[in-house]
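Note that the chains are named A, B, C and D in the order they appear, and that numbering of residues resets to 1 at the start of each chain.
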Amino acid sequence: MKPTHDILAAILDEVRPLIGKGKVANYIPALAKVPNDKLGIAVFTNSGEVITAGDAEEGFSIQSISKVLGLTLAMRQYQPEELWQRVGKEPSGQAFNSLIQLEMEQGIPRNPFINAGAIVIADMLQSRLSAPRQRLLEFSRGLSGNEALQYDKVVAASEMMHSDRNAAIAYLMRSFGNFENDVIPVLNNYFHACSLRMSCIDLAKTFSYLANKGRSVITDEEVITSTQSKQINALLATCGLYDGAGEFAYRVGMPGKSGVGGGIVAIVPGEMTIAVWSPELDKSGNSLAGTRALELFAKRIGRSIF
Amino acid sequence: MKPTHDILAAILDEVRPLIGKGKVANYIPALAKVPNDKLGIAVFTNSGEVITAGDAEEGFSIQSISKVLGLTLAMRQYQPEELWQRVGKEPSGQAFNSLIQLEMEQGIPRNPFINAGAIVIADMLQSRLSAPRQRLLEFSRGLSGNEALQYDKVVAASEMMHSDRNAAIAYLMRSFGNFENDVIPVLNNYFHACSLRMSCIDLAKTFSYLANKGRSVITDEEVITSTQSKQINALLATCGLYDGAGEFAYRVGMPGKSGVGGGIVAIVPGEMTIAVWSPELDKSGNSLAGTRALELFAKRIGRSIF
Amino acid sequence: MKPTHDILAAILDEVRPLIGKGKVANYIPALAKVPNDKLGIAVFTNSGEVITAGDAEEGFSIQSISKVLGLTLAMRQYQPEELWQRVGKEPSGQAFNSLIQLEMEQGIPRNPFINAGAIVIADMLQSRLSAPRQRLLEFSRGLSGNEALQYDKVVAASEMMHSDRNAAIAYLMRSFGNFENDVIPVLNNYFHACSLRMSCIDLAKTFSYLANKGRSVITDEEVITSTQSKQINALLATCGLYDGAGEFAYRVGMPGKSGVGGGIVAIVPGEMTIAVWSPELDKSGNSLAGTRALELFAKRIGRSIF
Amino acid sequence: MKPTHDILAAILDEVRPLIGKGKVANYIPALAKVPNDKLGIAVFTNSGEVITAGDAEEGFSIQSISKVLGLTLAMRQYQPEELWQRVGKEPSGQAFNSLIQLEMEQGIPRNPFINAGAIVIADMLQSRLSAPRQRLLEFSRGLSGNEALQYDKVVAASEMMHSDRNAAIAYLMRSFGNFENDVIPVLNNYFHACSLRMSCIDLAKTFSYLANKGRSVITDEEVITSTQSKQINALLATCGLYDGAGEFAYRVGMPGKSGVGGGIVAIVPGEMTIAVWSPELDKSGNSLAGTRALELFAKRIGRSIF
């Protein structure tokens, strides 16, 4: 079945009662202030059609979803053997900000989608790009076709004020020789990426290259190769939902990436990209109503990679 | 592209040089004796075609691949809410026989494909089936269409002689109230399942229901529902390759399950089931040449779930 | 100052209000039934004087205090290099029944006073003594001068019924090659030792050899050498109070060993042995009022090894 | 027996063959350059007598021995309930610079003698003293009676250059709310304390208050109370030798503190303070020949707290 506005709207109605049963991220004040009843969904098909329902045009902090942008840039800048010696490809089985495994595994993060992995990627971009922060912003603008995309300076500053845990992660990697630059500017770039404001529509458009063999549906340019696109989807499927990747695969059956801002992007390879937004999170840190919406979407339109 | 004998034979030729670079499982003598140069592949399509190359007809110990059979039986016997309160759905991020996470997580194994998870499944089957060992054998015979399938008594006995680690796992779960029966008979059933001898052809046929929405291509019966079939594939994709699931998804891009006997089964949903066999293992415990063969297969015939 | 009945009685009065603020061990029914208001203390001086107050003559389950008897017997049977290759001498920094460190450290328990260490000692005694259970009983009778000492069969049987965690520990050590005998009989002996019923007076007399350079004040025989006596005291000081050894040293300042039956034995080398009993435990599993009584005792009579 | 120069010299001769069997600390260049064959011992009795042998007058980097000075200052500045809510009193059972336990235990270090504990103490001193670095130097000069004591600026700067691991520890504690000041200046103070150059004679004099009920034998002033002195000795006995405290208690039988500069201070309460120096370390990070020298000293002069 093809997705339509009515199907999407019905899904949102069905998941709305979950609002109130999760928890808005509150580790920084700027995120805690987001109204908990925001709810939106956007589908962007490989043929260029946009279908939406709810608050699909309102921007929010994409947070960890930016880790996919960072990885994509790094895959364009580094040879695979350079990249994958500094970060692994396996699920962590632990909380996204844990240092335990990082110490046991000698400063090599398990994958690029836990904090440690994304921070090492930010360090790699810092080493090779002249203005990595600006570059990532322009990259996002190009992919989304939205030149108005901006970092949310308030969010970025607020993250920087509460950066101790991530600083600990960066310094631990440095102590193992897996971090090349000064910690503060790299974290600053990392937090700016997290603070990027995008709407569901922006997100669905931006990540269309993962549904389209590496080629952006917006620009028709090859962002990454077809093989690289499959590789990123593989990593998303196994590691994209913090310590809830198995449950997400079981229930939704698509590669995806979540952020603590309440957004989730999911990919139907060869067909479409979906973005949902609902700020309240489940105990793994994934959008509670967002996950359920994707589960219903998968069931209703009959798509699953499995 | 459609798989053919020639493609399969070419793949085997290409991976054969890897033999000698891995290690045959040697924790029990019966496995250590298997010649390291065995190499086979079988494809079973949803239309019932069998394509093979190499030692595809020779039986070997399926070992952990049997965990998929156990889970399938348990999903037929238990309601989801009963089943998933006793075992999780997340990758472990640790070795398949580790007790560390099991203690930290109060005796609930991370997923059904690490030893602890498969043992708790064996305990559940013991509680509900009258002759679980015989039942699993008959189930396998039916699925494979091969009435000659047998447990390898020598392997099973050898495993039982070296069962201390798994006994520790079972007793630890019992101490947390997540084990109902006597430990020894449950382990005995578990080891018998591991000792099941099947060829690549048997394996590809047996697991055809996972490529065919839950319905066996051999018997045309519904083994499990279409939804359950997707769920098992999701779990295989995130947890099926021990602590190498991410790497396997990245390189091969199919749900799969490996065993320390050197076999791997992989699923192309909607199309076909593939089984490979090469006894030497990589450091995660997955068949070294077998994984590479599947990677080449995915590339040559252009199939990936991502 | 010399300890007197009046001093001891005053100490008991002072700690009695703590009763109700701890928790009687309840993992086996036989222990949970002990009245929580029992409170006793006995001092046995190296000159042979017995001073007591409260329920000092009533027998109770010595539980982990028996680990000191096991170690003493093992030090008489094994050369140091044999003994200390199978068990370490360091504090564990973890709960007494944890398997985590045991797995990380390849089946070698941290010290003889956590469960794993005492079980490996029980295995060593099984290997070298013809009737280890009877031998330990006779050893205790001789040391205490009380021929009426008995194992509490009800407690031992109850422990055996709830032995899963300790069975897991034993099997894990076996899987690492650090366990020689069948698990069940060794655990049975271990639980019998734990079930030994002794009064505070019995305990203070029994362990007088640790205050007297290895020589029993009761029998005047050399139980172990003076050096071995210092070594056991050193291990008690660093590892004798589960994960509360540092706090105990800080507050009490004597080598000691506690049991979940609520007993604690403490040593003033060169002078005296003290035993206290109060069944309610603190969160580390040590007698709450008993620890406080020893702290007051140390302060009042002005003894400390520090 | 009373210690004499001849006894000390004989002990040094006996342990000298161990030189070459350990490893000089090499994590910073300034330490790696110290000649490995330095060997010295000094005894300072409570009556004020100094007995020495070998390189007892040569200064070296006291490193972690400074943690005792930091704790002593903190005990003078803070009430016990303030102090011990920010750092524990238990052995860690882990390497001195591990973050694993620190994360599991919510940023509260196990004890003041692992790096995390000493860094939190440095943070506490920073909060309450106006010039903590100068203050600790003056405190050491006063205790040792040696006004020429200096920080080794080269060592301190070298430590600061290799401070990533300790920065990770500090930031992790900050993320749990157990760190009040800026990380860099606190670490700078901490490394300066580590870089303090003292000879064996200086060390034995400095810590005489721990052998003399809190009162300095040099100044006759009360540094800390008698009770506090016992408390520090108790912590030294259980936590003072990294993850080798149990072995040290077993072999030497005295409270002690080691540093990776190869120094060890040991206390015979009521009698004397001993300091040894030999730069090569054993696998726990304690001076190899130094530990053996203390073991022989304890045996020869017949002193042990056990």
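Methods note: a residue touches a chain if its C-beta (ideal position, glycine included) is under 8 Å from a C-beta of that chain, and two chains touch if they have at least 3 such contacts.
Quantities reported herein were computed from a predicted structural model and do not represent experimental measurements.
Engineer: Does B-C or C-D have the larger number of C-beta pairs in contact?
Structural biologist: Pair with the higher count of C-beta contacts: C-D.
Engineer: Select the chain at the greatest separation from chain D, using centres from the mean of Cα atoms.
Structural biologist: B
Engineer: List the centre-to-centre spacing of chain B and chain D in whole Å, with centres computed as mean CA coordinates.
Structural biologist: Computed from C-alpha means, the inter-chain centre distance equals 55 Å.
Engineer: Quick one: report the Å distance separating chain B from chain C, using the average Cα coordinate of each chain.
Structural biologist: Taking the mean C-alpha position of each chain, the two centres sit 48 Å apart.
Engineer: Taking the mean of the CA coordinates per chain, how far is chain C from chain D in Å?
Structural biologist: The separation of the two C-alpha centroids amounts to 32 Å.
Engineer: What parts of chain D, by residue number, touch at least two of the other chains?
Structural biologist: none
Engineer: Kindly provide every pair of chains that touch.
Structural biologist: A-B, A-D, B-C, C-D
Engineer: Going by the contact rule set out above, which residues of chain A touch chain D in the complex?
Structural biologist: Chain A reaches chain D through residues 98-100, 103-104, 164-165, 167-172, 174-175, 179, 183.
Engineer: Could you please specify the touching residues of chain C with respect to chain D in the complex?
Structural biologist: For this pair, the touching residues of chain C are 88-94, 101, 110-111, 229-231, 233-235, 237-239, 243-247, 249-250, 253, 255, 269, 304-306.
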